[in-house]
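First the structure, in the form of structure tokens, and then the observations on it.
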Amino acid sequence: MTLTIALVCAAALLALAAVGVIMGRSPASTRVVYGASLIITAMSFIAGLAHLLGATTPVSLTLPLGVPWLGAHFRLDALSAFFLIVVDLGAMSASLFALGYGEHETAPRRVLPFYAAFLAGMTLVVLADDAYTFLFSWEFMSLTSWALVMSHPRVPENVRAGYVYLVMASFGTLTLLFAFGLLAGPDGLYTFAQMRAAHPSAALGALALILALIGAGSKAGIVPLHVWLPLAHPAAPSHVSALMSGVMTKVAVYGFVRIAFELAGPPAWWWSIVVLAVAGATTVMGVLYALMQHDLKRLLAYHTVENIGIIFIGLGLSLAFNANGLPFAAALALTAALLHVFNHSLFKSLLFFGSGAVLTATGERDMEHLGGLIHRMPQTAFVVLVGCAAISALPPLNGFVSEWLTFQAILLSPQLPSWGLKLMVPGVGALLALSAALAAACFVKAYGVTFLGRPRTPAAERASETDRFSLAAMFFLAALCLVVGILPGVFIDALAPVSTALIGARMPPQIGAQWLSIVPIAASRSSYDGLLVFLFMTLSGTLAAYAIHRFASDRLRRAPAWDCGYPDLSPATQYTAMSFAQPIRRVFGTFVFRAREQVDMPPPGDMRPARLTVRITDPIWDFLYAPLVVGIGAVADWLNRLQFLTIRQFLSLVFCALVILLLVLAIWS
Amino acid sequence: MSRIDFDIAHLLAGSLVLISFLELYQDRLYALLNVFAAHALVLAASVAWQAFVQDAPHLYVTAAIALTFKAIVIPVALHRIIVRLGIHREIEKVVGVGTAMLAGMGLVALSMVVMLRVTHGADPLAREDLAFALSVVLLGLLMMVTRRNAVSQVIGFMSLENGLVLAATGAKGMPLVVEISVAFSILIAFIVIGIFLFRIRERFDTVDVQVIDRFRGERR
Amino acid sequence: MTFDALTGVLLIPAVAAALLAALPGYRVTARLNVAATTLTLICALSLFFSRPEPGVYLLVDDLNGTFIVLTTFVGFTTSVFSLSYIGHELETGRLTPPFVRFYHAMYQVLMFAMNLALIANNIGLMWVAIELATLTTVLMVGIYRTHEALEAAWKYFILGSVGIALALFGTILIYMAARPVIGEGLAAMEWTVLVTRAGAFDPALLDVAFVFLLLGYGTKVGLAPLHAWLPDAHAEGPTPISAVLSGLLLNVALYALLRFKMLLAVNAAALAPGPLMVTLGLLSLVFAAFMLYRRRDIKRLFAYSSIEHMGIIAFAFGMGGPIANFAGLLHMTMHSLTKSAIFFAVGHIAQVKGTQRIADMGGLTETHPVLGWALILGVVAIAGLPPLGIFMSEFLMVTSTFARAPLLALVLVFGILVGVAALFLRLNSIAFGEPRGSSAKAQASYAPMFAHLALVLAAGIYMPPALVAWFQNVAGLLG
Amino acid sequence: MVLIRDLIIQGVQMMLVLLLAPLFTGFVRKVKARLLRRQGPPLIQPYLDLIRLTRKDVVLAESASWLFRVIPYLVFAATWVAVALVPTFRTGLLFSWSADLIAIIALLGSARFFLALAGLDVGTSFGGIGSSREVMIASLAEPAMIMIVFTLALIAGSTQLSNVAEFMASPQVGLRVSLGLALIGLVMVAIAENGRIPVDNPATHLELTMVHEAMVLEYSGRHLALIELSSSLKLLLYVSLLACLFAPWGIEAAGASVPTLALGAAAYVGKLAVGGFLLALFETSIAKMRVFRVPEFLGVALMLGLLATLLRFVSGSF
């Protein structure tokens, strides 16, 4: 039943795409499409929720589509239900946001159809239960999002972004094709059911896992396959950026979980080492890249890379525990990862919405041209602040909960027998802690430079508060961030069926714990209570406020800021994003990005301004992708000379081919 | 068939190969034309002999075509073209005579190896014919790729085709042989007319980069 | 011989060719052309229901049934397309009425030749038909009489003739191999007889024969390194002919190869034709994929993409096995439809932009949305992305190959990826970016284009069981 | 009944730290002054400062936003909650399980997060320089702290501060290498986090090497009072953390009677005195380092923490 509803919703979304094409010209189309998609995804959300909480057994369904002798298999189990919820929650809020935001769209015909189709694609990926349907929906998802990235094709960066995105997406899909080819075997057992039954050999499963890590990882944005992500996500309209960053990457995580935990058979202990190594690198590289950015949306995109790293750390730990027969620890790590999936989808969407609101208000994405928006758009500023606090893992918000759980999982890992893991996990823990701190720094920068201080450009001065739909969407997400933060137990318990299905164990039920706190293993070991922390903070804060305003002065004077004796400082004297990041850049950037600063100080009497230039190189692009591009170009040039031969030379090609084949024959026996 | 028939067929086919070598050797166009005429002549002879041996009268038609068309009409036409294009005293080889000969040797050896190794079941006549035919084909192709100007390449193509006819006639009782030879004659006529009409000399082979770009490349 | 569908398939084009050569006037002839192809298509479709017994000269079985229907269908849609295309060429004066008359006549002759090649039950007859098809296309490629067109036609002519010669030699060798077993005369050239008796043929002779046939017909298929004629012929000829070349003639040549492959497959002692086809296929695929990068002419671009896909198809058939063969057939069908659709789009684009240089066309989705998005859809399809049909064939191909021969699959996927990257690199500059070139309204016939794309889309999502059964049967035949 | 008593004790704890914090700051200043042969301000000077500040008007920069005015309360609340959860004279506080050591660090982190925002809010380069350096320091201090927490948690088998403290007080904890490393690391982190010499100088203003003071330069009146109070609370927190972890003697276990509790409180005050004296001694005997040497300083702390954790991972006996 639930599955049917979800599928019907997907079909409805596809139909909606057609509607978008047909009535794209009419002004009402925006309202219609986004409103309809809001309703449809809400229904499918309810279906997913009902299945996750209600049903115990997975439901499946086969349609006579796709590969003829195979049919299209669909299945709704706990895992796909959870990810269906994530997808639809993101889709709902994005549609709500777009009801207002979409009005500013200059070319709705390039957005509306693909938007609906994109949602349908993501829904189908999590429902698919055979290799063909899965890859079909997967690539369909990439294709539609590509079209959305290209929705403003006159901007050269967008075209480049779309290109890189599509190539990387095809690469990922082909890698997954290999993975499924392995799992399906020579006689083409393409349905997941058959793969589950097949029990692949250890080596085969390992290879499949690596391929899945590459294939799904390239879409999720793990380093070094992330290059497309910071290009493509910002290029799309903001609500689509939110979907791509907050939801599509999660669908990729789903793909990885599906293969690594279910199809690839029982894990070997060293799988987790691979995953953890990649994840640790992804986490830190992502946040360091983000710190170097001053384009708001690109910064957010790089933070997606970081959070994907955190998620994969959780998954890697879970694999490790699972391989070493510690199911409960595995359940803890998996739950942490999945909870972070959920949380990240919330606050990343929220932040992208915020950047969209800023974009519509000022027309600027570059933080260096913003500032002081908190005065002009206070509500947006407030919700974005919540988002920033949440993604910086500050209690009592949701980001902290999942990171805390991940830390708890790390603290369990001394029980792991293998030395490789013993030495690996603490390092990963350090990287995680480092990235958490750096993320906080990065969002101080992002928020402070964008919303605080004084406006740096007239555009920022003229900004005005965004529309009510967008605000509604953002407040909705912010509220969810808080709720998950203070009532994590509820959500952890909701995730129990997933870990039970994948690992056969679950975290202890949290609802019973005193004061709704969460207790991963035992109360004596560790516990956290977001609700109480929240109450305490509000209580003590209000107490202090009351006391001071009651017993002490509450008078207040406005005066110019302290200017060191130089009157009327221009906004240009404020700290910019680049200057804010300078200390951290000096600490980390010098060897990661080979960041170089050049100060050009004119001699006294010379009137030209002094200038400081910072040169940052992207190591991964330079060492991995640039050579590839150059190489292909070289080969293409070299082969291209064959286009310019004379007929006689072409004939001699034929002649040589003939002689060679005859020689082969002569030598054959 | 009797021994003598076999020997004569063998002799004719062998001499066809020999003449192909002579063609390879020639570098003056007139001389080349004459040698080719001889080539066609021998072919006609061998086809006629096959017709006689297999008492397949329709093969006489093929022989006639070879005789009239290839040994007379085409050489004359080509002669005209050479005069018109004024290329009669050109040395136009890509590789030297020696190399070409050596390559030709190699090709003949190759075809012998390939053919004689295979057809154990078939009667020796067909077998010999096939081996020689293959060498003639290969030599013709070699000629096409080692010559620069149109005329000698056409000649190469025609001797290649002579090899085909030899094979076809050698294949006892093969249908459509006449039709095929006719079709080929038409083909060759097309080529010759092509050369005649469009003066395609340089389009066969040129080292002029501009021309290459203009014609064969992307128009920049 | 009573008039049945089979003779219809041959007779209608022949008669139409004669008529069209005789009749003046563009309006009439173009309509007549369409009518003729329509009738041919109907006849071909009727072959589904009443299939005549194989005769001495003609034959219809599952294998060529697929090809005939495909050929006549694409022939029909192309004639509809050329209705508007040639009309435009007349207006712009690139073609004069006599040449148009010639064009239409030749078009029918080409149809006749291809149908004959497909339903011929005699290897010699098939050879003659393919030669005829080649010569007609040569004439059509050169029809614009520009320097480049003549150049392309000439190159095509010479390389084609050599190919013909090699193919003939192969055919003779097959006869020689068959004669001792079957005896002299026509019987030794009939498919139906050959296939049944091929087991007893001299294997080594078959080997040599296949080498020559592979190179001879491979030249027509456009496999590297025998491909040289193909890009220029596509680029310089009128676009309908490019569509027919890519969509049909290559297939016909491939069909011939498949027939002979079946012969060798029957004979256990002969060398396996698979490896040869796989090698040539991969070579063409990778080569063409790299060649795509430096193309500046939009038609040449897609011509090279045809080479690439012919390589993929040859690879699939070379791999063999039920899944790979199915994938190969599917891929071939999808490629014919898609590529001809792309050429329809490209033809109109070149007409409205007045050029074939990619550099001179840009922002197509803004200047001509319909054409632009059609082209995008076509490229997406040809790149093997869902929801279109080629995705399925590539899915089946890669997965089945990777399980059997991982390294080959790696090469295959590498080639595909390089090709996709190149195609979209060019597509970006054509369909997106700042609008360049004229934005004049296009008077185009979109119907054929979208009909093809709709079919391709449908195949990617749902294939009717009848068709599937048919394909599977053929896949079984191919072994 | 038990609940009531626990509530009372919790409340006492909160009030105690709140009252002790300024005194401790004053004590450190006094000792420093004495060590420098100065008279120094009276011990209660910080209280007087706070009262005076609360009496004064708030002078708010024109470009300051509502956030600027909210932040002091947020910072104070976060810090106070954090310090309220650190066992001072008695373990097993009522709410200690509501936030473990990691959460406490996170609370301090959020306090810093908002303070750094406040530095950027007015839009002067002073605030900017302060916050950018603060986050740079924090980005190294926090992971170091987490690593130390890992070490302790692995030793005590819990991240629950009360349990850790009890374990530390219990006999089964012996002298361990990892403990020593953790101690040194924690001291270094504490110095950095509280902006003490050699990392930062809390006594100076308008000096381009300073961090914390530059960040809060624009604050005045009651806001400044709250900020000051929170920073001294933070200092107290770190000292009592060190005390309850590495000098757990005299901390009463849960369910101890009132007189013993008084004893515990006395012991706590004694520890504070010693800690303050050591801090003052350290600060007077060392010079402030350049800002860009701070990363190296903290890098050492991080390495120590990581090393300690690794040792714990490799074997329980270290």
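A, B, C and D label the chains in the order they appear, each numbered from 1.
In this section, a contact is a pair of C-beta atoms (placed from the backbone, for glycine too) under 8 Å apart; a residue touches a chain by one contact, two chains touch by 3 or more.
This structure is a prediction, so every number in the text was calculated from the model and none was measured.
The chain pair B-C and the chain pair A-D differ in C-beta contact count, and the higher one is A-D. Subunit B and subunit C have Cα centroids separated by 31 Å. Once the centre of each chain is set as its mean CA position, subunit C and subunit D turn out to be 78 Å apart. Averaged C-alpha coordinates put the centre of subunit A at 35 Å from the centre of subunit D. The distance from the centre of subunit A to the centre of subunit C, each centre being the mean of the chain's C-alpha atoms, comes to 44 Å. Subunit B has residues 114, 117, 141, 144, 203-204, 216, 218 in contact with two or more other chains. For subunit C, the set of residues that touch two or more other chains comprises 154-155, 158, 162, 204, 207-208, 294.
In subunit D, no residue touches at least two other chains. The full set of touching chain pairs reads A-B, A-C, A-D, B-C.
Interface of subunit B with subunit C (complex): residues 114-115, 117-122, 126, 130, 133-134, 137, 141, 144, 157, 160-161, 163-164, 167-168, 171-176, 179-180, 183, 187, 190-191, 194, 198, 200, 203-204, 214-216, 218-220. Subunit B contributes residues 94, 107, 110-111, 113-114, 117, 138, 141-142, 144-145, 147-148, 153, 203-207, 209, 212-213, 216-218 to its touches with subunit A in the complex. Listed in rising order, the residues of subunit C touching subunit A in the complex are 154-155, 158-159, 162-163, 166, 204, 207-208, 211-212, 214-215, 219, 225-226, 228-229, 231, 271, 276, 287, 290-291, 293-294, 323, 363, 365-366, 380, 383, 385-387, 391-392, 395-396, 398-404, 409, 413, 416-418, 420-422, 424-425, 428, 431-434, 460-463, 465, 468, 472. Considering their complex, residues 54-67, 73-74, 76-78, 80-81, 84, 95, 97-100, 102-103, 106-107, 109-110, 112-113, 116-117, 119-129, 131-133, 135-136, 138-143, 146-147, 150, 153-154, 157-160, 163, 206, 217-218, 221-222, 225-226, 291-292, 295, 302, 305-306, 309-310, 312-314, 316 of subunit D touch subunit A. Those residues of subunit C lying in contact with subunit B across their complex are 124-125, 128, 131, 135, 147-148, 150-151, 154-155, 157-158, 161-162, 164-165, 168-169, 172-173, 175-176, 179-180, 184-186, 188-189, 202, 204-205, 207-208, 232, 294-297, 300, 357.
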